[in-house]
Each structure stands twice: as C-alpha cells, then as structure tokens.
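Dropping the structures in below, format is structure tokens.
Common to both upcoming complexes is chain A, partnered first by chain B, then by chain C.
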Partner chain A sequence: MKKLIKIVAALAVLGAVAIGAIIFMPFSRTEPLTELPAYYKVPEGHGKYVMRMADCKACHTADGGEPFAGGRPIESPLGTIWSTNITPDPENGIGNYSLDDFRAALYDGVEPDGTHVYPAMPYENYRKMSEEDVRALYDFFMNEVKPVAKKAPETDLAFPFNQRWGLRLWNWFALGDAGHEDFYDDAVLNRGAYLVDSLGHCAACHSPRNAIMAQDGINADDSNYLAGGVIDGWLAPSLHGENSAPAKWSEQDLHDYLTTGRNSHNAVAGEMSQVVGDSLQYATDEDMTAMVTYLRHINGKSPSDTVAVANDKDEDANAAQDETTKLLASADPSMPLGPRLYLDNCNACHFVNGKGADGVFPEIDGNSLVTADTPNGLIDVILNGAVLPSTEKRPARLAMPDFGHRLSDEEVAELATFVRQGWSNDAPAVTADQVAAIRAKTH
Partner chain B sequence: MARQEKKRDVVIVGLGWTGSIMGMELCNEGLDVLALERGGDRDTVPDFQYPQVADELKYGVRYGFMQKPRKSTVTIRRSESETALPYRHLGSFLPGDGVGGAGMHWNGHTFRPMQEEFELKSYVEKNFGKDLISDDMAIQDWGISYKELEPYFDRFEKVAGISGYAGNLNGEIREGGNPFEAPRSDEFPMPPLDQTVDSNMFADAARKMGYHPYHRPSAVASTSYTNPYGMQLGPCNFCGFCERFGCLNYSKSSPQTCILDALKRKENFEYRTNAEVLKVELAADGKTAKGVTYIDANGEEVYQPADLVILAAYQLHNVHLMLLSGIGQAYNAATGEGVVGKNYAYQTNGGTALFFKDVDFNPFVGNGSNGHVIDDFAINQIDFGKEGFIGGSYISSGTFNGQPIRSMRLPADTPKWGAGWKEGIKDWYGHSMAIGSHGSNMSYHSNHLDLDPTYKDQHGRPLMRMTFNWKPNDIRMTQFMKSKIEPLAESMNPDIMQSSFKSEGAMYDVRPYQTTHNVGGAIMGTDPQSSAVNKFQQSWDVHNVFVLGASAFPQNIQYNPTGTVGALAYWAVDAIRKDYLPNPRPLA
Partner chain C sequence: MSDANFKLNRRRFLQAGAAGTMLSAGYASGAFAKTATPALSEFTPEFFTADEWKFIMAATDRLIPADGEGPGALDARVPVFIDGQMAGPFGHAADWYMEGPHDPNAPAQLGYQSPLTPAEVYRAAIAELNAWCNDKHGSIFAELDKATKDSVLTALEKGEIKLESTKGANFFSLLLQNTKEGYFADPMYGGNHDMVAWKYIGFPGARASFREWVGVEKPYPLGPVDISGKRG
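Our next item is the complex of A and B:
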C-alpha cells in the first residue's frame, strides 16, 4: 500500500514537473528559414498580394467591420473563437510586433507575451511560408493597413480548452518542420504546391482532422492529404482521388472555379465564396495556373490531359439520370412531393435534366454540395439561398433566392432527398429534423 | 440653403440603360462618376426573386415597378384647344422608376432601324418628292448615318447579349434572317430562341404568301452568355414574366444583368438612390452647367457640383429637366421657334386577333421577345408616293407573356363580366393568337411638349404638358397594314378574326396601354435652329450637358427604340472619351 502511494506520489510529482516544464520552460521560436540580405526590400505590391493569397482578411474582418480589425466568430467544436485585431494599432492590434514576433505568430502560433493562439489560425500551414513572404506580409500590415483602435472580443472557451499551455503539447504533436520543401523538378509544380500548402492553406478545410483535431494530411505524401473535410457541417470536398473536382474537371473549369467562383459545372457556396471573393480571384494567371497544374498533377493529370466529355458513368447511372428527367418532364400532377417541389421551385434555373446552365446555374446532378454525406450545406442553401462573390473576371453577384420562407421543414427534407437521389445522385435521405436544426441555427 | 456635396467629374441623372453605359465607360476613363437615381435600388435578388416577382396583380396590373403618378407625371391634351389634364392613372405608357429604369421591365425587342430611317426626310424628298411631306409634318434627318452607328449597335448588342440571326451579314443576304435589314458587321451574340406555336403558324402562313419571316431580335437569352464586361445571362425558361417585371432568371438583358455589378466594383463610381434631380444648374453665362440640384432620400435639397452632366433619365424626364433648367430654347408651337419640346412622337400600332377552337396555344409559355417578324411592309419596302403616306411597320406574332390576367383574349361579343364572361373564358382561353403591326409615327409641329401653365409636381415645379394626337398620315399607314395583315390572317383559317387598327378620326386615348416608346422633345440634328442636341447628343447651348435616350429621335422609327438608344449611348460616350474630354467644347 505504502509502495503504491509512493508510486502515485512520484508520478504526481513527475506530472507536476512535466506540466511545470510545459508551462514555464522558455519557448524557442522558429528562426527565419533564410537570412535575407540587409538591403532586401519587399517588392511593391507584394505584401498585399501575399495577404490576399493567404486570405488573412476573411477571418480577421468581421461582417461589416473595419478591415483586419478582427471580431469575426469562428465556430469550432471547442466553442467560438474570435479572430484578433491585426491592424498596426499598438494597443489593440499588432503595432508593437517586431518582425520576429510576427514570424512567431505565423510559424509557431505564439504571441509576443508567449500566449498560444488557437490553431483556428492556420499556422500549421503558414509555417511553410518563405521568409520573403513573411517579410512582405509584415511590411503590408505595418505600412499599408489602417490602425483600428478597437479591441476584438476575447476568446473564452470552456475548461480545459481555456488552458492555453495545453497548446504547447498540441504543437509538439501537430507541427512538422517549418518551411516548404520543393518536391519536384518543375518550377510550376513547386510553386503550385507552395501556394496550396502554405499561403492558400487549403488543407485547413480540405484535409480531415485527426484525433487531436490537427490537420490530417498536410503534405502531399500524407495519406489523407486534401481528402476532404467538414467545416461547420458543410463538406469541404476532397481534392484528391477519382471523384474529386481536380480529377474530373478540365484545367479551364478548375481555373474558372477558383478565380471566378463559377464554371460549367458548379458554383461556390459557403466558406469557399469568401476564399474566392477575398483571395483567389486576385491570383495572377501564372499562380493560378501553378495551383491548378499542381492539383491536377496530384490526381495524375498532366496539363495536356483533356477530360473526356462523354459521360463515363455506368449504364445504371445513365438510366437513373434519364428516369428523373422523364419524371420531371412529364409534369404529372400525381408525381411524389419531392420532384413536384423541384418543378415548382428549382426547375426554372436548374432544368429537368438537373444540368443547369454553364457558368450561371450550377448542375444538381453530380454536385458535391448536393450529395455530401452531411447535407448541412445543401439544406442551408435551400433555406437561405446563396450569392456568388463578385470577381474581376465575372463580376455578377448571381444569387439563388431563399426558399425557407415558403417551404416547411418537411418539404425541404422531401426536396433535398429528391435532389440527393435524383438523376445519377445517390446520397442518403434528409429528415425534417435535420432541416429544423439548420433553420434554427441559421436564423 | 441646399447642402453642397463634393464636386465630381461626372454626374449622371438616372441609372437605367444609358446611365449604366455612361457610368461604365466613363469610369473606365478614370473619371470620378456619380449617378443619381430618383427611385429605389433594385437587384435580381431580392427585388425580382423567384417566385415573388411573378405576381401579375402586383406588378402587371398595379404597376409595382413603374413611376407613381402622384410623384411624377405629365399633363396631356390632344390639341391646343383642349385643356391638358394630369395623367393620374398609368395607361398608355409606363415609365419606369428605380435602378434599371424601364430597362428592367421591358420585353427585350432589340431592333436596328433601317438605314433609310436615319435619313427619312431626305429619303422621302429624293424618292417621292417634297409634296408628300405635309405642312404640319416636322420630320427631319437624324444627322447621323446607319453606317456611322453600326459599330455602336454591335457594341450594345454584345453588351446586352442579343439572340437572333443576321439576315444581312456584311452585305450577304442570308436565308432565315431579315433580308431587308441594313448590313450587320457581325453575327448576333446568341442564336435565336425557340418559338411558340402562334409564332410558327404565323411564319408558315407568311412564307406561303411569299413574305420573309425572321426571328425577332431578342434581349432574352437563348444560352448561357458572358458579355464584354464579364456579366452573365442564363438561358430563358419561357416563364412569360418579362414585360412589366424584372427577370427572375438572369435571362433578360437589363442594366442589372449586363452592367451594374461590374460598375459597382469600380472605386470611382458611386450611385445614390431616392435622389430626384430637380434642375441642372447653369453658370451665370448659361453656356455651361455647374452641376445639379436634387432632393435626397430625407427630403433635403442637395447641390451636387460636377464638370459634366449626363441626362440619362427617361425621354419625358430628360425633356422636362431641360425645360426646367433653361437648357436650349423652349419650343413654341404657335411661332415654330425654339427646339426643346418639339417633335414629340409615339408609335402607331395595330393588330388582328385570331381564334382557333381546335388549337392549343399554351399561352402560359412565352417570353417577352418571342415571335417571328416580317419586314415586307417596312419603311424601305413601301412606295410612299403610291400609297400616300410616309412610314412603315414590322408585322409579327408571338406570345410575349404567360400572365393569366392580361392574356385572356376574348371574341368581341363576349360579355365583360358574369356567367357569359366565364363561359367565354372557358371556350377561348388558350385558343387565340394575334398578329400585330408595330409602326413608325411621324413628328408634327402640333405634337409637342412644354411646361404646363397650371399643374405642379410635389416639388412645386410645373408639370410637363404633352400635346399629342393621331394624324391622317399615320392612320393611313396603319390602315395599309390592316389591309396586309387581314389576308394573311384569313389564310390561316381562324374560326373568328377581329381587327383593331386606328381609323380615320381616331383620337389619342391615354387609358389603354399602347407602348412605352415615347420619343423626341430633345431631338438630334445638324442645325441648332431645328434640333436640341448635336449628333453627339450634346446640348447645342450648354456643351457640358449630354442628353441620352429616345428624346433624341426626330420622329419615331418603326421599331422598338432600345437598340437605337443603346447604340447612341455608346456613340456619344465614344465622342466624349476621344474628343470632348481632351478639350471640352461644343463638338459640332
């Protein structure tokens, strides 16, 4: 018995020492990846460009708020995390940050006073950023952003997540080496990989999360790399594998989707609208080509590969497609509620074949939002509508109206189930309870 | 004392088609542009959103998108001997209100005039002699040729995304198009739309009679389309809610679908809604404008200085603003002096309804620009000397709207209400079609616009007075069309046929809807003695005021005006960009 007590006491002491070490051991920040010469000057406009490619604005600006003043709520499974003020205001923003402080925030997720930031800030990805881009970003925030003297709301998570020292442990497990390694002999692919993995932080949404909620798939050789994730119940579709958009779509379609938010198949919705609106539309043609080439490369496509236009679906799928089209075209008043609701609400734009119209009305047949395992995105769009971001090349803010005001939860469930199972789609049914939950949450 | 706002390079009055075109093109020049729109803001979602906008009672019958006469109207009389009374209930014409103007509630018929129409007076004099032009007639040449305007028609049609098939491509006459049209430099941006039963029956009958049916050029999209500004249209689903409605489907060309989202991205562009311009303010010498005064959303008077003033309001309002501001000399019908307000003209239309017991027309399927057209009796196809009139029409058939309340055409002997009416609806709903003629309307010394001596608007400004009546020349023209349409209709063997064409002695009736193609009043030309603006749409008297729209038409063309209005806007802005801005001065 005494022995046991001794062991427990010893373990407790060890534990306390370990925790003490975790809490009090001085933290060492990641050093610059390269030493830039003293005369190095950030090229004109590069800071703003890096900011856009890293999409800092999307999270660090509240709806209707001052740019970069923070205060945007980020819903996480742990609770609401508020984005911080990153304007150069010394009191409320990052005006007092040195370049090293700034780099530590980007690379290590650590504020100058040693406070760890929650990994809602994608420092897992930003730590791959080159020193040139870190310098450019720092330069931009210090010199081109208007200081805003307003404190962003404090993030106040419940115990134990409010014990930020725990993030040191998390970091030990989650973080790889800083910097981005060039894997390829090809400058375009290397640039594409850098943009996707570092600034673009695509894996933050498009890779799944592991048991400790770290990105599971941060490097191209990770098995779950860009294999699809779920953000607030919305599917962030897989960018890797047979049915992923980079594997199915042409180079032009991918290019169009990422720069304009729309292409001949689909249109952006949810979080991706902001990514296109605030970030990707500003990518140079060269950089966008690099990203698209890279995303196609990891799916075994080379730039010269064209996507077969012919439908390579099996015969059953084609028959199912025809059957739905015929049912809708029959306009038979005795058809079930789901297709009838489709005719009354959706058909005007998306048509009986579920194919919509290039660049304007998205396809329903084969649409990843429609067939996602979690139907939250689809339900949300039916209830509340959706608007495309205005982009330089396609400025029209094309909008789908909201239907929540005229359809009950049961009707939305019938309609959603119909579109998830119509044509060649084959996804589980939606229940009225699922609709009610989204309605309550989004109203 | 009016509040004064920061001076702008350009102020645009009205944010419809021409205002949006000007805004876009002048912003692209780097100018600081402000548009003032008297009505509210409007966008596809939420204002035209499906299905709320497909409410015929609210928008089709109660004019939800039109100007409200209690806020803005004209007085009307048919001759000098009558006392003009306010147009208190919309009927004959329906000016728009709000962002997009009438350009959002139109049907989308987008024609180009014949080349002869731009030189009508010379054409008549040369081919048929001066005597054919009666003393009361005030027709003029436009001072611009079709050839000069052709690239600008092409430009507008590409921005608006017009569907159709060219009948004359660079001089080559092509089967299936309009063989009588002036040469086009390029194909239409989109192929023609599919046609409804009535349109195809009409085309077949016309072909049998040796006529040349073609698809109506249409601002309703037949495919997905991206215009030069990157703006997008989606294919029409034939819901039939075009005329009097905003399009719920991004299918009908309008400032909203073709320009505004691109314009709103520009940092040098701003627009203010519920900002009604009262007057253009002139410098002391009256030779230049200093800006405009408007009433803002809170009812406060605001002085907005600007270097360049673009009047891009509806035709009636452009003329009204010129009269109120003293831009150009007001026209005096008694003496024939003055230019502002002269040559007001309208449109001379007629039609024949055909009832077929055994044909189902499915009248709930249609679009605003549906239809086949023949130009076999258009202006360049008629011997005016022989027929004894000047003018022409296009003749067409199609289903413009699928709106039930206004699409219940009935035989004339059907009771107007009660059991007999219901019986008539039961028998005839969906069993009729119509063949219409849409014709020119000449200008006359006695048809004109001026300030009303009695009635004032809510801001205390005199209302504008319209003096207008039908004249024998145009009635002869429309009767001629009747004589061509009726045999064509008869050849189709309808069970019942009834015609409605103005006949001798017809007086202008403001109650039934006719058309919102009011033209003239600030006409263009080559001589400041006989026109209000030069060929660049620039005021002869105040060189930094440009006046756009159908107010520039010296008489009305036989076609719907919007294609020409759009082309003239691109033509004018080109002159402003290339010639006026480097050296502001009278351009002609």
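Our next item is the complex of A and C:
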C-alpha cells in the first residue's frame, strides 16, 4: 500500500513538472520565412488587398461596429469566443506590436505577453503566409486603420478551455511547418494554392475538424483536404470529389459564384455570403482565375476541360427528377403535404423542376445546402430567408423572404423533407424537433 | 363628386397588412394554432359604435346578399374588414393630401375633395342616413325590411338621397368599394373569411406561379392559399 502511494506521489510530481514545463518553458516564435532587404517597401495598396484576401474583417469587425475593433462573437463548440480589437490603439488594440509580435500572432497564435489565442483565429493557415504579405498586413493595420480606444469583450470559456497554456500542447500537435511550398511547375497553380491555403484559409471551414478540433486536411496531400466541414451546424461543402462544385461547375460558374455570390446553379448563403461580400469580390481577375484553376485542378479538371454535367446523372436519378416535376406540375389536390407546401411557398421562384433561374433563384435539385447531412442551413434559410451580398459586379441584394411566420415547425419539416428527397436529391428526413431547435436559436 | 382617392394604394395596403400580421402573429405558439374565430355576432368593432355596426352589417348584407349563388358579405365577414380599415391608416386618410381647398365640383383628376377622412365620412353618413330612415320610414336602416333597405340604398346610389354631412364625399361609392374589397381581399385583413370568396370564384390565391399551367385547357385543381400560408 505504501509503495502504491509512493508511486502515485511520484507520478503526481512528474505530472506537475511536465505541466510546469508546458506553462513556463520559454516560447520561441517562428522566424521570418525570408529576410527582406532593408529598403523593402510595401507596394501601395497591397496591405489592404492582403487584408481583404485574408478576410480579417469577417471576424474582427462586429455587426455595426467600428472596423477591426473586434467584439464579434464566434460560436464554437467550446463556447463563445470574442474577436479582439486589432486597430492600432496601443491600450486596447495592437498599436504596441512590433513586426515580430504581429508575425507571432499570425504564425504561432501568440500575443506579445505570451498569451495563446484560440485557434478560432486561423493561424494554422496564416502561418503559410509569405513574409511580403505579413509585412503588407502589418503596414496596413499600423498605418491605414483608425485606432479605436475600446476593449473588445474578453473571451471567457468554461474550464478546462480557459486554461490557455493547454494550447501549447494543441499547437504542438496541430501546427505544421510555417510557410507555403510551391508544389507545381506552374505559377498560376502555385498562386491559387497559396491563396486557398494561406490567405483564403478555406480549410478553416471546408476541411473537417479532427478529434482535437484542429483542421483535418490543411495541405493538398492530406486525405481530408477541403473534404467539407460543418460550421455552426451549416455545411461548408466539400471542394473535393465528383459531387463537389469545383468538379461539377464550369470555370465561369466558379468564378461567378466566388466573385458575385451567384451563378447559374446556386446562390451564396450563410457564412460564405460574408466571404464573398468582404473578401472574394475584391480578388483581382488574375488571383480569382488562379484560385478557380487550382480548385479545378485538384479535382482533375484542366482549364481546357469544358464541363459536361448537364446529363451525367444515372437513369434512376433522371426518372426521380421527372417524377417530382410531374407530381408538382399536376397540382393534384391529393398530393402529400410536402409537395403541396412547395407549390404554395417555393414554386413561384424555384419552379416545378427545382431548377430556379440562372443568377437569380438557386437550384434546389442537387443543391449542397439542401442535401447536407446536417439540415441546419436549409431549415435556417426556410425560416429566416437569405440575402445575397452586394458586390461590385452584381450589386443587387437579391433576397429570399422568410417563411417562419407562415409555416409551423411540422410544415417546415414536411417541406424540408420533400426538397431533400425530391428530384434527384436523396437526403434523410427532417423532424419538427430539428426545426423547433433552429427556430429557437435563430429567432 | 369624385371618389378617385378612395382607391387604396396597393403598396400601402400590403405594407399595412404585413405590419399587422407581424404584430399580431408573432412567433408564439398561438401563431399556427387553429384558433376558432368568434362568430360575427360576437365581434366587438374597434371603430364603429353599436348603432353604426348595425348599419354596416345590414347594408353590406344587402350589397352582397347571402341568398344568391355564392357566400354573402356576412359569410365573408366583410363588416370586420371595413371596421379594421376605418380604425387603421386608410380610415384616417393617413397618406392622403387633406389640406384645402376642397371643391366638390373639381374635375376628377384633382382627386378626393372632401375635408373628411373615410372614417369621418362613414360616421357622418350613417348618422344622417339613419335619421333620414327614421324620418321617412319610422325606424333606423337596420330595422327596415329587405325591400325598403334596397330602395334606400338604390336612392342613395342614384343621388336621390343627398347626404349633406359628408361634405362632398360619395358615401355609397365608398361603401360599395369597401364591401367588394372586404369580400375579395386576403383574409389577413379580416374579410374573405376562410377564403370563401376565392373558393367561390375559383381564384387560387397567393400561390404566385402557374407557369406550368399556361395553355392547359382545364381548371386549376388546387384550392386557394392565403398570404399567411393557410390552405382553403
């Protein structure tokens, strides 16, 4: 018995030493990837462009708040994480940050006093950023952003997640090497990969998360790379594989979707609306082409491939498609409630064939939001409607109205189940309880 | 006499209605519950006094009687619609130009010429007409027999009864117009109860798209749906 106590005590001491080491060992920040010459000057406008491509605004500007003053709540499975003030205010923002401090925040997720930031900040991706872009961002935040003397709310997660030293362990497991390696013999593909993996931090939503909630699929050779993720219950669809948009859509469709939020198949909704509105619409044509070319490349499409998707579905899918279209067109009073609700509420825009109209009304048939495993996004859009972002090329804020006031939870469930299983769609049914939960959460 | 501006501005009409539903519907459990509407005889008007209400019930019942082919004005709860309108922005001419001069002989394109709002027109006209009926027939309008009611309304329509109190507004035309509106408007405004008027004429309601029915030579099979999503 005494022996056992001794062993336990010894283990406890060892554990304490290990934790002590984790907490108190000095932290070494990642060095600059390249030494820029002393005379290096950030090209005019480049800072703002990098900020837009990295979409700093999406998290660091609250709805109706001052630019970059933080205070936007980010709902994570661990609790609410508040974005911080990154204006150059010395007290409340990052005004006292040196370039090295700034780089450490981007690359290592560490503030100057050693505090670890939560990986809601996608430093997993930003650590691939080139030194030129780090400099450009630093220059932008120090010189082009108005300081805001206001503290953003403190993030206060429950134990054990409030023990930020634990993130040192997390970083040790989750972080790869800093920097982005040019993988291709092709400047366009390399640029596309850089934008997607680094600044665009697409994997933050479009790759799944692993057991420790790190991005599972951060590099092109990871098996789950851009294989689709779930964010706040919404599907961030897979960008990889035969059913993914980059595989199915034409180059032009991808280009249109990412820069204007709409194309001949779909219209953007949820978090991606902000990405289009705040970030992607500002991509230069060259950069957008690079991203699109890259996303198509990883799906085995070369720029010269013209897409032939129109009728590549198998016969069963085509028959199912016809059957739903015919049922709706019949307006038969004996039809079940689901299709009846579709006729009463959806048909005016999305039509009996579920195909909508190019650039205006998204397709229901084959729509990833409609058929997502987790139907939260679909339910949310039916209950609360959706608005397209206004972009320079397509300024109209086209909107779908909300149907929450018109349909009960049971009716929304019937309708959602119908659209998830109508035409060639084949996704599990939705229950009234699921609808009630989303209604309570989004109301 | 002009009645041009009695015509509801359609946009306003929809806006007012939408605001109304948002206020009244809410998201509470009651929103979708099938609450039984109290009988018309139980209804407490918001705008009309008890005497005025009797008149509205009696007059609309003669304008669209229940003994015809389809539902009558009372089946459709037209009086409820008119009461709601008189209590709301339309009754108060909320978005009309109501400053003078008011010239009853002005050409029609100069618009509404009475200084009274529609609600004031109803109030004044009903009082004057009841007094006229009392004087000529010994009782208020609501208590006359059908034939006499019809003769009073006909005389009013033809201008044989001249109402002084409405100061140039054509009360009969306003009443007839509001009765038709209450009969056919979306049920959210209180009339067209249960979409009875829509069902009667075969109007499919607020479904908004029939593209696939263009050129189909048979009646559309589905019953109507109203703006609140209710199916009739």
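Going forward, the second predicted complex is superposed on the first by the 441 of 443 C-alpha atoms of A that agree within 3 Å, B and C clash if a C-alpha of one lies under 4 Å from a C-alpha of the other, contacts with A are read in each partner's own complex, and residues count from 1 in each chain.
The rule is simple: a contact is a pair of C-beta atoms (placed from the backbone, for glycine too) under 8 Å apart; a residue touches a chain by one contact, two chains touch by 3 or more.
Every value quoted in this text rests on a predicted model; they were computed, and no experiment measured them.
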| item | value |
| --- | --- |
| Combined model on chain A where chain B meets chain C, clash or fit | clash |
| Which of chain B and chain C A:Arg340 touches, first, second, both or neither | second |
| Partner chain in contact with A:Asp332 - chain B first, chain C second, else both or neither | second |
| Chain B versus chain C as contact partner of A:Ala348, first or second or both or neither | both |
| Which of chain B and chain C A:Ser408 touches, first, second, both or neither | second |
| Touched partner set for A:Leu398, first chain B, second chain C, both or neither | first |
| Which superposed partner A:Val360 touches (first chain B, second chain C, both, neither) | first |
| Partner chain(s) touched by A:Asn219 [first = chain B, second = chain C, both, neither] | neither |
| Partner chain(s) touched by A:Asn190 [first = chain B, second = chain C, both, neither] | neither |
| Single chain B stretch clashing with chain C - from 26-34, 80-88 or 152-160 | 80-88 |
| Residues on chain A lying within both footprints (that of chain B and that of chain C) | 345, 347-349, 351, 406 |
| Contact footprint of chain A on chain B as seen in their complex | 43-46, 49-51, 223-224, 226, 229-235, 237, 239, 248-250, 257, 261-262, 264-265 |
| Touch list for chain A against partner chain C, complex | 328-333, 340, 343-345, 347-349, 351-352, 403-408, 411, 439, 443 |
| Chain B-touching residues of chain A, taken from the complex the two chains share | 345, 347-349, 351, 357-361, 385, 387, 390, 392-401, 406 |
| Partner chain A, residues of chain C touching it in the complex | 21-22, 25, 27, 31-32, 207-209, 211-213, 220-223, 225, 228-229, 231 |
